[in-house]
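Scrolling down, you'll hit the structures one after another.
Common to both upcoming complexes is chain A, partnered first by chain B, then by chain C.
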Partner chain A sequence: MAARPKIPFHWSFLLVAALIPLVELILPGEHHIGDLLRPIFIMALLGLGLNILTGFTGILNLGVAAFMAVGAYSYAILTCDIYPFRLGFWCATLVTVLVGLAVGFFLGLPTIRLRGDYLAIVTLAFGEIVEDVLKNLDSITKGTEGINPLPAPSVFGYQFRPETYQPWYYLFLGFLALVVLINRNLHRSRIGRAWISIREDELASSCMGINPMKAKLLAFALGAAQCSLAGALWASYLGSSGEPGNYDFQVSIIALCMVIVGGMGNIGGVLLGALVITGFNSIVLETLTDFLKAHQLISSSNVFTAPGNWKYMLYGLALILMMRFRPEGLLPSRQLKAELHHQEPPVPPAS
Partner chain B sequence: MSGSQIFLQQLIIGLSNGMIIALIALGYTMVYGIIELINFAHGDLFMLGCFAGLTITGFLGLDQAEPGTSGTWFCLLLMLLLVPIFCGGLNWLVDRLAYRHLRESTKLAPLVSAIGVSFVFMNIGLLWGGVPMKVFGLGRAAAAPKAFPELVSNANLLGQSPVEFTGKDVMVLVVTLPLMLLLTWFVKRTREGKAMRAVAQDRLAAQLMGIPVDRVIGRTFLIGGALAGVASVVFAVYNNTIYFQMGYRAGIDAFTAAVLGGIGSLPGAVLGGVIIGLARAFCDQYLETRWTNVLVFAVLILVLVFRPSGLLGSRAKEKV
Partner chain C sequence: MSILEISKLTVRFGGLTAVNSVSLDIPTNEIVSVIGPNGAGKTTLFNAVTGIHEPTSGTIRFDGRETRRPFRTSTALTLALVGLIAALSFILIVNIEPLWDATITSNYVYQQPFPWTKALSSAVGFFSGQTGGRLLLPFLIGGILGLAGALAIWFRNRYAPEVAARAGIARTFQNIRLFNQMSALDNVLLGMDSRLQTRFWHAALRLPLFWRERRDAEQRAMEILRFVRLDSEAHQLAENLAYGHQRRLEIARALAVQPRLLLLDEPAAGMNPAEARDLMNLIHEIRDRGITVLLIEHHMPVVMGISDRIAVLDHGEKIAEGTPAEVRSNVRVVEAYLGKDHEDAAAT
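And now, the complex of A and B:
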């Protein structure tokens, strides 16, 4: 067995991320890597929320984008000038997290006792309902326009401006670090161990005196709260709630890809997954498209040449191949790896 | 149109669409019945079937054909023969390459894999829509919905009546009903069907009795896929528009139908399909079109929460 690194991956990830804008300031010339990283932090928050459900507890949730939408829209309604609330950034974010907690709790309450695949379908249907309701209740949500403009956040008297990205960068990174810390502590606490024992064997853990319904419900509420935090930050970043179509099924699947590719149940793995998947989407694909356009290798009449048209194929193949060859993810949690590669005596095949 | 005529019209539309949903739902329910996998890619398989049908019409040069001529009948028959073979074969292949290796793994692994397959299929549909076909002057914008040629006449069979009952409605019934009866006969009466039911009941015991389990499961995928292929031909000819993202909605409708009827039950899938088709039609007419999807999803959640065994399903205990 290889020697384990002294610093866990999630801390080194956050440390490197914290240094990037400083390095960019020192180096001469124009850089915008840090600028591009901001959405990755938000997606990582979404992935960490899903990780509590899918990674720790073993509940497949196909509707995390709906929790994100709930977060984005509640943040927008709480801060936008056209509504009577007009709360500040901290207050609105806090209320949004509580709203997410409540939504997760009340969705989980009737559905948590369903078996795994049925629960996954319920979350998928919930995601679709949220999207359609946001679209159709246009008197409140402004339909497909989304709620905008939102005031830029003001933190401890400092007013954020769209043109300087560094304050946003550190705000999002700070939230990410906080959530990583919370998740790491949850993972090592009594409830975290209960979640993992439910993932491994629900019957055995209930025999050990764990109440699986209670623990799962808590996972549902906390996961939803983190996803809606991601939604609130996303709305503050966009300066708009975004339109309902921004929170569709594909976003939920991208979050699932991050958790599965990175490593289920491992916080560092989810951060790596967010970096790989979102970075691939927003940096590699964009750069490749720009490059091909600049060299006139893309013709608008041929769909095969545009890299964006292959995106879903790659996500799909990532899911299929990871499930087939490396179900524990790129950066696995030791526990899950041991479980998945445990060899049982093979059943002799018939005939 | 008077109130009763509107009602009758929606009844016809709902019934025809419901029969198509039922055909897709049968594929879901068969696969779920035998390996307890929600085959997420099934709706997208249906979508690919529609594109295969479009390609066949393209090869025959029928984009502007008059409905009812011998050419269109030949094309319809050819599609009903080739598209199910394509879809069934593809479904079998996916099981062979992806799901078969995950049989002994956790329950969620094949589901995640199926979601991946669904995305791959959707992407293939997107690219397929961009394949230049000389007979179609529809432009090559891949993401746009594609028009499917009118192969069956839209003329009203009820003469001057404002209620429309067209050749398309007849076609839906003529294709789907015998197929459902044939499938029921196959599963209930033949040796092969018996093997399927045995594997569904207890895979290990079936294996001990000498049933080649993997081959039986593969055949189930083949038959389920072929049903989706028939459904896609009927759908495309009935609705005349196909779109690479339609598989997702169609899949959700069909899955809701399968769950509503009782997943694993063949008559249940048909009943559920008809109910969902009618519910959609009446919601479009009497409520608002934009709330129809919400209605279907709400039905799905309510059935799963309050009666997971569905209308006709048996209340099966989860195997530990």
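And now, the complex of A and C:
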């Protein structure tokens, strides 16, 4: 076994992220890497929520975008001024997390007994249902327009402004650090141990006194709560609930990509996955497009030449390559690596 | 005094009767073996005792009580609550848009303080103005659906392994089912799980109880590992342990459940004579700790050497029971193992 690094990846990731805006301030010239990192933090939260389900407990969930939509719309309804609630940032975020918790719980209650693929299909259907409901519940969700504008959050008396990105940056980073801390604590406690034992062998686990339904339900509710937190922050970042189409199946798949590419069951891996997948989309592809346009290598009339239009194909390709060459992800958890590169178990001598 | 009383237990899978009307009493603090040819129903018997299979008929009493989820007042309340929530959410789903219009939209003037009490009375007015079709019908449908669903889930979950485990029945498996990618120590800690008090908040926020209990639990787990002589392998992944060690680790994990009855499914399978002797000593030590042991075994020297009593199954039925000496001389047992024609063949 290789010596483990002294500082786990997720802490170094958060530390470096915390320093980036400061470095940008010191360096001369215009930089906006920190600006581009904000959506990555939110997507990382989504990935961490999914990681509890898929990475720790082994439940495939194809509908996390729906939880994110629930979060975004709850936050929007609670803060916007066309409805009477008009809660402050903290209060609205807290209520949103509780709503996500309840939605995950009540979705899990009747369905959690389904195994593997069947549960994945249920979550897929749930994602579609939520999107359709949001589109058609015109009088509350404003249909395809979405609820906007939302007031910018005001935290401890400080009013956030769209022009300065640093306060947003640290707000999102703070939430991310909090969720990372909670997930790490749970992972290394009896709760995480029970989740992993269910992933490995549900029957043996229940024979040792674990109630798999309870453990899975907790994972479901908690994953949903984190995804809806991501939704709330996303809504506050956009200043709008976004339209229902923003939370479609592709978002769920991107979240799944982040978890798989980064390393299932490993918190640091999910952060890296979010950085690679979302960063690829919003930094590499954008820069490439700008570069190509500047040198007049592509024309806007031909859609095939714009790199941005190839992104889903590239995601798919990345997924295929990962599955073939590195199924445990870029930064695997020690356990899962062993699981996927499974050696034959010791064979009992013939008796 | 028997710790486990199995009476007239029948387990049927479709047309196949795996266990047929078997009655068996396991006296407290003895070592009892169940033997029989392959396919005799031994493992099915174990699975029924540990709640994996639901008995088709017959009862299993552990310590005088049936090993299934009891129907308590709290169960009834939970079921009623689920039904009620389902009923109310159905009403809400059916009426959500007009209700929203009546309470929120019509009372709210842009950026003016919201009259909450007025909104509440509009809500009451809205519901009292509704016909039964929008109120009673969804309430009934939702309530019945929720209650029936909750009841079905509860009913199908009555016999569950975790119920038996929490009552005090722990087991090992015929083909080792360790959590391969967890360390030996974690495997034992997982067995201890149902005896821990840490809850979600303690674990998430690392409250003092978490630290205290983690230290105590790890200490106890190390003691159990020492007991099965695996303490030097505590931090190895279960998968990397030698085969005999994996068998012992499975026993350690079961012991961590703090059982009063330990079920061992072929613990000596694949062991050499020296390892089998160690295992016999270990089983004796477990019994001396006050734990009743029920085991399935094919390894005759082990069975004859440690059992206080032996029960013999064949084709799902119990054909003999008694001390090792009695069973050895039983004609039906010899028949079951060697075939009916054996003595004729030997005579000619």
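Rule of thumb we're sticking to: the second predicted complex is superposed on the first by the 338 of 351 C-alpha atoms of A that agree within 3 Å, B and C clash if a C-alpha of one lies under 4 Å from a C-alpha of the other, contacts with A are read in each partner's own complex, and residues count from 1 in each chain.
In this section, contacts are C-beta pairs under 8 Å (C-beta built on N, C-alpha and C of every residue); 3 or more make two chains touch, one makes a residue touch a chain.
Everything numeric in this text was worked out from a predicted model, so none of it was measured.
Trainee: Pick one for A:278: touches chain B only (first), chain C only (second), both, or neither.
Mentor: Neither: A:278 stays clear of chain B and chain C.
Trainee: Classify the contacts of A:226 with the two partner chains as first (chain B alone), second (chain C alone), both, or neither.
Mentor: Neither: A:226 stays clear of chain B and chain C.
Trainee: Thinking of the overlay built on chain A, is A:241 touched by chain B (first), by chain C (second), by both, or by neither?
Mentor: The answer is neither, since A:241 touches no partner chain.
Trainee: If you stack the two complexes on chain A, which partner ends up touching A:114: first (chain B), second (chain C), both, or neither?
Mentor: first
Trainee: Touch check for A:203: first (chain B), second (chain C), both, or neither?
Mentor: In the superposition, A:203 contacts both chain B and chain C.
Trainee: Where does A:122 make contact in the superposed view: on chain B (first), on chain C (second), on both, or on neither?
Mentor: It touches chain B, and chain C stays clear.
Trainee: Please work out whether A:83 is in contact with chain B alone, chain C alone, both, or neither, and reply first, second, both or neither.
Mentor: Touch partner of A:83: chain C, not chain B.
Trainee: Contacts for A:185 in the overlay, against chain B (first) and chain C (second): which applies, first, second, both or neither?
Mentor: second
Trainee: Would you check which partner chain A:319 touches, where first means chain B only, second means chain C only, and both and neither mean what they say?
Mentor: Once the two structures are laid over each other on A, A:319 reaches chain B alone.
Trainee: Would you tell me the residues on chain A in contact with chain B in one complex that are also in contact with chain C in the other?
Mentor: On chain A, the overlap between the chain B and chain C contacts is residues 110, 203, 347, 349-351.
Trainee: Which bits of chain B are touching chain A when the two form their complex?
Mentor: Touch residues, chain B against chain A: 36, 38, 98, 101-102, 104-113, 115-124, 126-127, 129-130, 132, 140, 142, 204, 207-208, 210-213, 248, 252, 255, 259, 290-291, 293-294, 297-298, 300-301, 304-305, 308, 318, 320.
Trainee: Which of the residues in chain C come into contact with chain A in the complex?
Mentor: 50, 52, 82, 85, 96-97, 100-101, 104-105, 107-108, 110-111, 114, 119, 149, 153, 156-157, 160-162, 164-166, 170-171, 173, 176-182, 186, 189-191, 193-194, 196, 198, 200, 202-206, 210, 214, 237, 239, 242-243, 246, 253-254, 256-257, 269-272, 298-299
Trainee: Which stretch or stretches of chain A touch chain C in the complex?
Mentor: 81-84, 106, 109-110, 113, 137-140, 182, 185-186, 189-194, 196-197, 200-201, 203-213, 218, 334-336, 338-339, 343, 345-351
Trainee: Under the definition above, what is the set of chain A residues touching chain B in their complex?
Mentor: Of all residues in chain A, those touching chain B are 58, 60, 62, 110-111, 114-118, 120-122, 124-126, 128-129, 132-133, 135-136, 203, 249, 253, 256, 260, 301-304, 309-313, 315-320, 323-324, 327, 340, 344, 347, 349-351.
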